[in-house]
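Have a look at the structure that comes next, please.
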Amino acid sequence: MYRFYLAIRYLVTRPINLLGMLGITLSVWALVVVVSLFSGFMVVIEEHVRETSADVAVTNLPLWADANKLGRALTDDPNVAATAPRLVHFGLLHEAGKRPPPPPLPGRSALHGGDQPFLFVYGVDPAQERQVSAFDAWLTSEEIPAAMRVADPSRPFATANDRAQVLVGLERMKREGLARGDELVLTTGIRRGGEGRGEFQQVAIELEIAGAFKTRHGGFDGNILFMGIGELGRRLAASDEPGPAEPSPTPGTGNEPAQGQQRVQEIAIRLHDPTAVDDTARRLQEAVFRTLQRRHYGYGLVETWRARNADFLGSIEHQRWLLKIVLFVILVIAAFLMLATLSMMVTEKTGDIGILTSMGGTPGGVTMTFLACGLTVTALGVALGIATGTVTSIYLEEIRQFLIWATGVDLFPLDVYNLDRVPCNIDGWWLLQVTGMAFGTGLLASALPAWRAARHDPLISLRGN
Amino acid sequence: MTSPVLTARCVHKSYRLGKTEIPVLRGVDLEVQSGEIVALLGASGAGKSTLLHVLGLLDPPSEGEILYDGRSVHGLSIRERARLRHDHTGFVFQFYHLIPELTALQNVLLAGMMTDSVLRYWSRRQEAKKAATALLERVGLGDRLKHRPAELSGGERQRVAIARALLAEPRVILADEPTGNLDSNTAEGVIELMFELQRERDAAFVLVTHDEGLAVRANRIIRLRDGVVVG
Amino acid sequence: MIPAFSPFLALRYLLRRPIMLIGVFGVTFAVWSLLVVDGIFTGFVTEIRADVRRSTPDVLVTDLPHDTSYERLRAVIAADPAVRATAPRLRHQGILQPRPAPRGSSSPTIGTNAVNFEDMTMDSGFALLLGVDPLREPEVTPLGEWLDRSVEVLHAHSITRARRSEVLEDPDPDRRSFLLTADHVEWDMRRIFDLPRPERVEDHRSEWPGMIAGWRRLTSLKLIEQGYPIDLMTASFDVAGDGSAQVNTRRIPMAFGGYFATSHRMFDQSMVLVPIETLRTLLGHDIEDDEAIDIVTDVAVAMQPGLSAGELSAAKSRIRTAVASEIGDECAVIDWREQNSVFLRAIAQEHSMMQFVLFVVMIVAAFVIYATLHMMVVQKWKDIGILAAIGGTRRGIGAVFVFCGLVVGSVGATIGSVLGWLSVHYLNDINDWFHRTTGASLFPRHLFDLPVIPVHLELSWVIQVALGAVLLALLVALLPARKAARMEPVAALSYE
């Protein structure tokens, strides 16, 4: 008992020990705030990526693949909730009747594209697409002004004329001053004949804007167009097969997907249990290979959403790791601080050590007293650091606003990262890790002085005065 | 007749303890002539040490004034008072008050560094060292120059303290129970040494003690009781 | 004046007190980590900035209205005394598609679309076309260096077949301005692809304009062979009398003319250099047409060497005024920093985050010094009284502790600087050694795509950090020193 009693008394009567605590507090605070900010950034990006990616996708399907058969093979898997076919193409988008300015200079434009005339075109079947992604929510987002909204979200590509209907990202529409009903031209090319080996021919597809869509992924919105899958397939095929147009149902009516020759390049899949994504992806890969009966040219690859974005997510993860190392440096210096204050205390308290021993304290008890001092300091520092760090992290946006208001300095220019507020993610596991690290270093820093105290010859200190 | 080296005129000193004021000195008048040995005698708590600190300008009086060589030190700046403390008086304490990090020689030398700038001291460091060594030899510690206080006996420590007090050749030496912590044999030696040195240098000597036997060897005895001089 | 006893006593205190070593360690560690982290980070930033700089001309006159003629601008811009040379630029966009190989099946096809938003130009055929005049461009851009660099980079990626582009070496300026490949090369290609060609190679004259692609396009083009036919698909705009435009889809055959590398990632990913005349023709301004104008979207300007920042900005505004009055419209004149502002801002953002962390490191290190000095003052209570009794002034007593802080700070800063300098200097060796012994890598290179970790540590910065540390030590030492100086000597003497 006397150990803790004395430890507390020693601490309370020596305000300098607060400095050791302050050091720990500051380092824990920095560890929590900076990592929370960075993790928040990661989580936001991951969420954005996640929102716009299906759980699993079968990509690079060859033209000869039978999409229906493949779809059936996939839905046989117990974890597959829904599938949706997609046709992926690309092109240059221009407003009809207008000369566009030259493309933006690299470095002066948005970091992640979105302001280039080049886009990817997703041909989708709305009925099936809304089963695998938040397609409906993208069309009905609150942020879309009325003039840009899709007239009928259940049939976004329905049209009265012969122009193909297209959905454009909200930001792009705003930037270019587009509205529903505006006419666009998509310039692209496709290889004609012989399994992608023939002549590359230019194609111009006349489009009409059916409305805007809005996800939280700026890169996705800026670089994607949506069209009806049947319509896109037909337009790309038009000059290739001059005969009568395929007898496929009006795209986007929610009917059965197109028959036999329906072009499909990608199948997006939603899972019942997204946590089992890796195992499911492995099973699906086998199923795809079985169905295609061929296993070459990299056709029919099954990829999880994480794998598709692995490079990008990995590079941020690595940055976070480096940051953690740098932050750990602070903790080490805080340990120096504790080492200093506790060592001083031991030196000062040599007299007490003699008294304690003479009253029957053991070397172990003396050690424990000083160790308890160190641990108390650490515990207080960690508690305070985590508390202040968490609060700071939560109110980071408000603090940023305040600093902008007070000093005009923007600590975290959000527009660079396409965010609307400072992201923050307080991860319980990380807090635990920080606590562990802090206690580890705190223990090390107090062990040395404590050990010195225990080895102190009590007679010397009693004789000392 | 020349003016006394040290004069206290109607010195009052009180300390504040919480809300109450505790008077320690209540109108002390004192004159110390050059070359004179004065013993301040009194029971514990009579205000001997306080008077000594006031005389040595460590503590300003609440009322009254202190004169060095007939000149009032009242109204001097902190720096000037420090200078006077160094030039005019030398302290010897009961608990020696040596700096444990320094050797005997360094402790004595330290007194020589107090008022010189770094450059000035550097230019006369050999001289200062010679003077300090000579003083230590004079107090019988010629073979202990490199020893630190912890390696010296109590008597030896007090000799170092005496040497330190004398280095600046002060006019007055203020000694606060210099033998209070020593056994009688050692104490005798230290006292003998102090008196010898006092005669050699013709310095005034104010000796605080409660030892009657020691006091009678002084030229004059001043008794303090409850903060006033009683005889 | 500082009395002699202050430094004397300070040194004695320090030497007799191993605890002060902790303060020294603290400062050493802080300075070391500051230098190492900043050395690496600045290395990256410096490298990136150098890459950006390499890819960008000194000054670019841009945001010009449609159908601006180069000849008029050239005269106006070249008249400025600060301008050394100018070159026309025409920006456009298109989709590149190499012809499929006639035999075998390893040809890339555009049907396989990997959608990657972050590097959206990487795996697709999309290209920002930069029309340049190959005769004038070398005066404003280190084109030769770009080509040399591409060989280095590709070889570093084990693509040993890569050769330096030859299209800029043709002695005939007319052929060079279209980046034409040698006649026999094109004839060979036509033979392989079974395209129209004369009977004999001697009768053939190259027709396909060449293009030089950024080396990162290798992943989508998968080409090495110079002269390989590529289709360029793009849109042009026929302007009617009322100003409305008809979008026309165009396709022209071109020849692959090699790679360039500036190492500026965005630039190398997206840019393709094409002959400016080819682009002009595509956009309806054929050189053969007498009414055609030599349109540009930008003018790249090389400035006289050694201009100060003030002179540069003065020259920029002179050029802006002159060009604006010539074309009767607004335009922008931007230097390389302004052209890459978004990109550079993102880097600066990360840099400031890192500096914030390092700032906290320094603060905690300052705490260490404060704590040790404070404890020393407390322990030395009695000494302070003694010093006062033997005539020490307050300033002198305070100076003892300031000196302690100064010495701790100086020693720590010196050791830290030396260690930091050495660590940064041998960082790559350390990383190699670490990799060999543990198998793990502190700095995975594949992430940075660099052969070595770039480090950059300027002596002036080392000195700044060291001085900063000493100053900080001095500053925090003032507090305990003040406490010591204010001590009442009597209280100190009677303190037990």
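We just call them A, B and C in the order they show up, numbering each chain from 1.
Methods note: a contact is a pair of C-beta atoms (placed from the backbone, for glycine too) under 8 Å apart; a residue touches a chain by one contact, two chains touch by 3 or more.
This structure is a prediction, so every number in the text was calculated from the model and none was measured.
Using CA-based centroids throughout, the chain positioned farthest away from chain C is B. Counting contacting C-beta pairs between every two chains, the top pair is A-C. The chain closest to the protein's centre is C, with centres computed as averages of CA atoms. Each chain gets one centre point, the mean of its Cα atoms, and the points for chain A and chain C are 26 Å apart. Chain A and chain B have Cα centroids lying 76 Å from one another. Between chain B and chain C the centroid-to-centroid distance comes to 72 Å (mean Cα coordinates, whole Å).
Within the complex formed with chain A, the residues of chain C that make contact are 19, 22-23, 25-26, 29-30, 33, 37, 52, 56, 60, 62, 66, 90-95, 97, 99-100, 105, 107, 109-118, 120-121, 124-126, 128, 231, 233-235, 237, 239, 244-251, 264, 266-267, 270-271, 297-298, 334, 338-346, 349-350, 352-354, 356-358, 360-361, 363-365, 367-368, 370-372, 374-375, 378-379, 444, 447.
On chain C, the positions that touch chain B within their shared complex are 1-5, 7-9, 12-13, 15-17, 382-383, 385-396, 488-490, 493.
Touching chain C in their complex are the following residues of chain A: 16, 19-20, 22-23, 26-27, 30, 34, 59-60, 63, 88-92, 94, 96-100, 102-103, 105-113, 116-118, 120, 185, 187-191, 196-198, 200-204, 217, 219-220, 222-224, 265, 297-298, 311-312, 314-315, 318-319, 323, 326-327, 329-330, 332-334, 336-337, 339-341, 343-344, 347-348, 411-413, 416-417.
On the chain B side of its complex with chain C, the touching residues are 53, 56, 58-59, 78-79, 82-83, 85-87, 90-91, 93, 97-102, 106, 110-111, 113-118, 120-122, 164-165, 168.
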